[in-house]
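Just passing along the structure, written as structure tokens.
The letters A, B, C, D, E, F and G name the chains in turn, as written, and every chain counts its residues from 1.
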Amino acid sequence: MLIAVLSGILFALLFLFFRLQNGWLRFIPAFLPLSLLIYFSTWLPEVTGGQEILFKYSWIPAMGVNLDFKLDGLAMLFSLMITGIGTLVYIYAAAYLSDRSQIHKFFSCLSLFMAAMLGLVLSDNLLVLFIFWELTSISSFFLIGWNTKEEASRKSAVLALAITGGGGFLLLAGVLLMGNVGSSYSIQALTAASATLKQHSSYVLMLCFVFAGAFTKSAMFPFHFWLPGAMKAPTPVSAYLHSATMVKAGIYLLFRLSPVLGGEPLWNYTLMIVGGFTLLYASFQSLFRTDLKGVLAYSTIAALGLIVLLIGIGTTESFLAAAVFILVHALYKAALFLCTGIIDHAVHSRDLTKLSGLRKIMMPVAIAAGIAALSSAGIPFTFGFIGKDLIYEATMHTGMLAIQLTGLVLVANILLSYAGYIAGFRPFAGALPEAYADTAKPGFLLWGPPALLAVLSLFFGFFPALSSPLVNAVVSAAGGNPALPDLKLWHGFNLILLLSGVTVVGGFLLYLLRKPADSQLQFMDRFEPFSARSFFLGLAEGIKKISHYFTCKLQNGYLRNYMITIISFLLILLCWKLVKLIPNSIDFSTMTPVSMYDVVILVMMVSAIFVLMFTSSRLTSIISLSIVGYSICLLFVFYGAPDLAMTQFTIDTLTAVLFMLILLKLPPFLTLTNKAIKIRDAIISAIFGGVISMIAFLVLQEPTHKTISRFYADNAYSLAKGKNVVNVILVDFRGSDTLIEITVLTIAALGVYSMLKLKISSSEKE
Amino acid sequence: MNSIILRTASNYLLPMLILFSVFVLLRGHYEPGGGFVGGLVAAIAFVLHSFAHGLKETRRFLRIHPGVFIPIGLSLSLISAVVPMFAGQSLMTGLWFNEPVPVIGLIGSALFFELGVYFVVFGVTLSMLFTITESV
Amino acid sequence: MEFLLVLLIGLLYASGTYMMFRRSMVKLLLGLILIGNGANLLIFLVGDINKGNPPVIPRDFSSLQGVYSDPIPQALILTAIVISFGLQAFAIVLLKRVYLVTGTDDLDQLNSDDQDI
Amino acid sequence: MIKQFLMNVMLSFIWVGLTGSFLFVNFFFGFILSYFILMLMSRDNTSASKQYFDRIPRIISFIFYFIYELIKANLQVAYDVVTPKFFMKPAIVRFPLTATSEFEINLLANIISLTPGTLILDVSNDKKVLYIHVMYMTDKDSFIKYLQNGFEKKLLAILR
Amino acid sequence: MTDPFIILPVLLHLLTAILLIFCWKKVRAQKIISVAGNLVIVLLAFGLWMKVWNLGILTMQGGGWEAPFGITFAADTLSATLMLLTGIAGLAVAIYSCAGITKNRIQFGYFPIVHFLLMGLNGAFLAGDIFNLYVWFEVIIISSFVLMTLGGRKPQLEGAINYVTMNLLASVIFLTAIGILYGLTGSLNMADLSIKIADIENRELVHVTAILFFVGFGIKSAVFPLYFWLPSSYNTPPSAIAAIFGGLLTKVGIYALMRVFTLIYIPDSFLKGVFLFVAGATLVTGALGALGKTDIRRLLSYLIICHIGYMLAGLALYTEQAMTGALFYLFHDIVIKTNLFLIAGLIYKIAGTYKMSELGGIYRRYPKLSLVMAAVFFSLVGIPPLSGFWPKLYLISESLNSGSYILLASILIASFITMYVIAKLWAEVFWKEPMVVTDLKAAGFDALSNFKKQLLVIPVIALTALTLYMGFGAQHIAVLAERISTELFHHQPYIDAVFEPKN
Amino acid sequence: MSLYTFLYYIILPVLCISVLLVFIRFLKGPHTADRVVALDLLLTIGIAIITIYSLVTDQPTFLDVAIIMALIGFLGTVAFSFYLEKREKNE
Amino acid sequence: MSDILIMAGSTLGTLFILIASIGILRMPDFYLRLSVTIKAATLGVGLVLGSAAVYFSETAVTTKLLAIILFLLLTAPVAAHMIGRAAHFTGNKRWKHTLFDDLEGKYNDVTHELSSEATEEKDKNV
């Protein structure tokens, strides 16, 4: 099983390095999904028999991340769709893609994507599921942006990644939250702990996160807008991603988590509202599209909304309807996409206002598309009819909401039927324009896959019972009642049949009455500023602007502002703590008495500091600095630190010499800042000085036991054979410091040397 | 700087300062001083010389680039720090000869370490100042 | 005396920061040196200070007797002084180099590269 | 002359060794003692040795002369500094040198500078002239004479 | 356990540096010595790591003086791991530098300084004495100053002024903190401090010093609002230099924070709150800063800041799990940031610019190289199962556990923006066709000899391989990080190891 | 009057007063050269103070500092003069 | 005996130092200040050091003190010369009662070389 899942990834790597330019070699990759399809099909009997097949592989036990795969009905349904439609898409793509030199990379991405999808649907570990979830986002990023030279294509890819990936991060939070609460990432275990999860205080948060992930992925309103953009991808990609795989990942997740998180009103109503609204909105939107792919995109969004709605209803009937509709939709939508691709490939247009009469040059395509459209509309003897039936069945058994929901679904279904007709009939009906007359007929490898899909739609339409075992297994996996009767074509005359009829006829009437026209599109475009897409793009733009403003404010290029910020930050933190520590009185008795020479030195030092601060002469400032240094040196002498005094003195003198040498050719100080700024700076500085003083003072008050310096005082001579204890510390007790210290000096000298000697001219290349 | 008085003064101050620097270096373990101040004083001797005679003359007088003292001193310190490790002891462990030597006193790894410091400080200070003087 | 030193340290820090907030590179550097001095004095102060007893073992003794200045802060400051000498020297030279390249000492004009923000 | 000096030093060391006291004072005493012994021994010898024994008294007398001048001038200046009114008549004088070598000039300059009231500002690049700042200038020529016959002559007598 | 040889990587770096100084101006010899030295050090560091892994904490007492009287060097698992990673990054950079650094920079001490820098890093990881840590920090900053200014032109020097000033400020704050700490305890040994600090009654005062340490290290690790020096300087030096900076320099600040705030201080609720705020703000401001940047290295600079936030978040949450995440991120970040700047350098070599608007078409021209880079970029973003992903699990999970929803939001926002900007970068730099098609054959990457090309590419590939290992072999890293986290939070063994009587 | 009292209560204060006087000159300037001279004199007095201080505390160790000052303070003055002479007149 | 010597020496020395300090404060022009201070202070410090030598009367310390005196005697005049010369370059104002200045105009502005010519001497001598 692991191999089955990972084979896609392995092949992805393999395809990267083996070019497949020559003729028939292009079709070799199709054996990958095909063999996987066969592999998964072999498990069909067990799965439909109600078994759950488990495979466990240890990966990162430290984090509870294990490659646990579970093949149950739901996983099986999706696996079959992924590999089955995958096979067709592979074959189709091999024939479709014109740029042969890149085709191996295309298959690489596609295989990666397929593997990710398989992993997603098979994982029993939520974290692993998430990993594959993100992988689908990434691999679809590459697929959507396949036409790298077009800016629109690149933008759509980034947008798709941003939305689905962003949702992904939220989903991750949700997964981790579920894991934390349920103390496992195993879906099985979480299902068992379902009650705990639902009662937990963060259940709402959990739902928010999970919905964020699922809705972005499955293009629910208001996150739907990435999907039409993603149509910039090559058609095989659209067909694959938007019929059976990528967008269905969200659906899968909701399905999968229904038994874990579902059943609560919040879950159900959110899904119903979001799904319902998306359904209505998208199906309405599809009315106004003139681009074939646009129609398909919006009808896909609508279909996804419908499925979400069904999952939200949360009854066995609705699960059943959803499961069937997923399959129905996959079959007809993939077929329609593939047909669209053929048209695009042949006549280089997808404009519905221009396309017509194409049946004359591509009859098989027309038939396939037609059947798909019929299935989409739910004409009897197509699989779509069964689907519609079950949908109405489900909505009508929702108790209080039955009428509203059914009405909603009815309206939407009519619109969707229309979309199906438009996509499946319009390009083929009517007269063939001159321009298309001598178009070459598409090859078998192009029309074969959609035709096969159409045939399958018909097949299941005639024999719905064949799909029953699998569909029932799906329902039971989602937590519905497993004991369901087989699907039947004929339920007798009832309300549902009537509704189906209304749908079909209504859609057809609409199709006859409405002609796609650019004017309608332009009409809709007027509402564009109010759309979710505009909202999000505007939001992004706003964030960018804010960030730009903010960054400019912070990172303004003025060093002193940076330092003021840093010091202020430090001060805020320190003051917060120090307020509590302000001493009531100061005890001078324990302090060293003040002598005259101390005072003189201090007075001199303080004055020198002020001279240094306010002088306008550079030389005076350096001399003042020297005086400060020399005063410190004298203080060191007074307080018993001759070594320090010597060093301080030498260094100060050398620093002064350095300054002299450097300052020679520098301009004089200028008064550059105004008084207000100076006062502000002075206040901050004064507070800083005060805070440091206070800390120093507080530390002085604390009793300390200096055992270590006592040790040095006692043992410097006996153990280290030196009488100058400071020096003994420097070369022996703490000799390592000194070794490093001279290293610092070495580096500084090297630096000075290189900086002054190495001058790379601006013409020189780096 | 073209002053005869300074030039002459630096001629006799140079040996005095160097002598003094060695004095400071050797007694550091017993009284204030040590390799660091010693090195600085020695460097200052040459800085003074360069002020009086000009950099070219000082360079000629010194013969080798002062920067050469840096790696030599660093190696010396490093070696005196590392040698104890060959005896299986920690870095920087003091090793001492048993008998004291006249003038200097006990000789130990610490002295070589200080000598290294002396060289490094000398080389660093001088090469820095020379480089800067040249580029001014 | 400790109290006066505490105030002095505060003043060194304050004046150092004030200088660092100015626009001139030279002042910035002087400010850093002042703060460095303040830090050294601070370390010196928090070791026990007392007058006139250097931590040097007298001639006829083999250990320090009675009151003596804490040698550890002294060793620390020595190391810190030397290190900051290296850093300061480097910074001084950098200042010079920047001046040579940009022709200004005004820090506010040293942000030609921050356009792309 | 160097031979004599070395001899002198050697004898001082022997003295120190004999007395077994390494004190500076003891060494100094040994030096003076051996100086006189050597002087007595070398009555009739060459000019080189004569030079050595002549020079020491000259140095000593020079030092005393210097100290005398130092204190005298210092007191004069001190008086001027402490009293409210200034009696100074400062000037910068061009002083033609008799001394030629750099060392001589330097020594002379140092000594002139160290006595209050006079300060060497510079030496001309051809080493012929000193520029001296004088606090109490009465007559230029007599001042130059005074210096030439005073410090310069005595100093050159020691050095040459 | 006492082992004097833990210091060897440090000494070898010093030795190599000295050798390199002796070979001043001999470019070829320097290249060979540097690479050889780094290779030996990597092997040594690996040996040390194995030893620490098997035997536990190793110590060396400088001068043979018992703690706390001498200077203690201690290698626990964290130190050993960081030394190993530093060694690897150093080796990669050294190899890259052989072709990626101009001859005149090498003639003016590039390699010795790099070794000094690496020495400083290794030393800082080993330091068991707070003042010794300060001294190592100084080695690091002075070397970085030199590298920052080496052969610099205007922008580089302007950046250097900012860099130098703020780092010096940080050093002074750090030094002040050390002084105060000494005044409080009379000790400098970190293990000793751990004991002595716990005994001080005036807890508020203790926390005041803690704040000083936090701000001092905070500046070095570039957290909000102390990071200003980073964006204005990291984009200026040559890429090999930027790689060491980006990969290692800010991390040593984080290391110090982790060490000090587990061993010496136990943060109180106020400090934890500050950490949380700073971590969140770092994540968000760093990410916002990266938005809309058009210069690759400037973008990466902001991402460095942003991602420092993750590590700080781990510390801020102050649980073992969170720390595990922070450590994992730290290891991941060292490798990846080094690699990213090397990659930026490669891109520059190829296209002659860092401006995204002028770049393009890399994917078409160098598909395989691009894929290597893609792996790095996606690891950076944290696309599972690559290395940037795993640590976030810990962090998100812990922020959920502790109810730190603002931090959680910050983490998610930061992750999201990182992903967005990297996706945009990919689209711009790799997919888009370049606006101006210059004659790159003559000047750029293509003109280099095959050997030189390999010198540039091999380190990138090797580091990418390491990153991939960290992703797919996350189990190993996780176990390692968990062990370190435990060591950090239960530091009694560390103290025991330091005070172990001499045998 | 003991030697200690004499040195501590008379000599040291007088030296301190001298320091202050010189420092006033430093503050007054007016020319930078005056400041340099003041600095030089401060150093010289500093040497005297250290000497007296070492007498007072009976610690000859401090005299080492005085030696260094005597030797190296000179360099500072030379450097300042060098600067005064070499700089371009832009202050 | 030695105590009296020490007291006398230090008193005298301190007095000279005090005079130098008053001098530097009071003197009307730069050259006079320089002139007064450098030597009075040197003499003063010399005396103080001498008295310290008497106090410690220990070879090591005494030689040290003598060394300081020697250093001061060797360096102080040189320093004075350097500053005086520099001050002359920077055009320091002389006291109004200054009689004459032979140095005026003798420096080469570019090379800072000093000539020994006495051509203008007669004119300057007022």
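Keep this in mind: contacts are C-beta pairs under 8 Å (C-beta built on N, C-alpha and C of every residue); 3 or more make two chains touch, one makes a residue touch a chain.
Chain labels with UniProt names: A = Multisubunit sodium/proton antiporter, MrpA subunit (TC 2.A.63.1); B = Monovalent cation/H+ antiporter subunit B; C = Monovalent cation/H+ antiporter subunit C; D, F = Cation:proton antiporter; E = Monovalent cation/H+ antiporter subunit D; G = Multisubunit sodium/proton antiporter, MrpG subunit.
Remember, predicted model here, so these are calculated numbers, not experimental data.
Separation of subunit D from subunit G in touch steps, taking the shortest path, is 1.
Set side by side, B-D and A-F show the greater C-beta contact count at A-F. Put simply, the chain farthest from subunit C by mean CA position is A. Chain E has the Cα centre that lies closest to the mean of all protein Cα atoms in view.
Centre-to-centre separation of subunit F and subunit G, using mean CA positions: 13 Å. Chain centres here are Cα means. That of subunit A falls 26 Å from that of subunit E. A separation of 36 Å divides the Cα centre of subunit B from that of subunit E. Centroids built from CA atoms put subunit F at 27 Å from subunit D.
Chain contacts: subunit A has residues 548, 551, 555, 557, 559, 563, 618, 638, 640, 642-643, 646-647, 650-651, 653-654, 657-658, 661-665, 667, 692, 696, 699-700, 706, 708-709, 712, 723-724, 726, 730, 732, 734-738, 741, 743-753, 755-757 touching two or more partner chains. With touch defined as above, residues shared between interfaces to two or more other chains in subunit G number as follows: 22, 34, 38, 42, 67, 71, 74-78, 81-82, 85, 112-113. Looking at subunit F, residues 15, 19, 32, 36, 53, 59, 61-62, 64-65, 67-68, 71-75, 78-80, 82, 84-85 sit in touch with two or more other chains. According to the touch criterion at the top of this document, the contacting chain pairs are A-B, A-C, A-E, A-F, B-C, B-D, B-E, B-F, B-G, C-E, C-F, D-G, F-G.
The residues of subunit E lying in touch with subunit A in their complex are 14, 21, 62-63, 65, 68-71, 73, 102, 104-105, 107-109, 112-113, 116, 119, 123, 131-132, 135-136, 138-139, 142-143, 145-146, 149-153, 161-162, 165-166, 169, 173, 176, 180, 183-188, 200, 202, 204-205, 207-209, 211-212, 214-215, 219, 225-226, 228-229, 231-232, 238, 270, 274, 285, 288-289, 291-292, 348, 363-364, 367-368, 371, 378, 383-385, 389-390, 392-394, 396-397, 400-401, 408, 412, 415-416, 419-420, 423-424, 427-428, 430-433, 443, 474-475, 478-479, 482. Within the complex, the subunit F residues that touch subunit B are 61, 64-65, 67-68, 71-72, 74-75, 78-79, 82, 85.
Subunit B meets subunit C in the complex at residues 30-32, 36, 124, 128, 131-132, 135. By the touch criterion given at the top, residues 596-597, 600-601, 603-604, 607-608, 611, 616-620, 623, 626-627, 630, 633-634, 637-638, 640, 642, 645-646, 649-650, 653, 656-657, 660-661, 663-665, 667-668 of subunit A touch subunit F in their complex.
Touching subunit B in their complex are the following residues of subunit A: 642-643, 646-647, 650-651, 653-654, 657-658, 661-662, 664-665, 720-724, 726-728, 730-732, 735-736, 738-739, 742-743, 745-746, 748-750, 752-753, 756-757.
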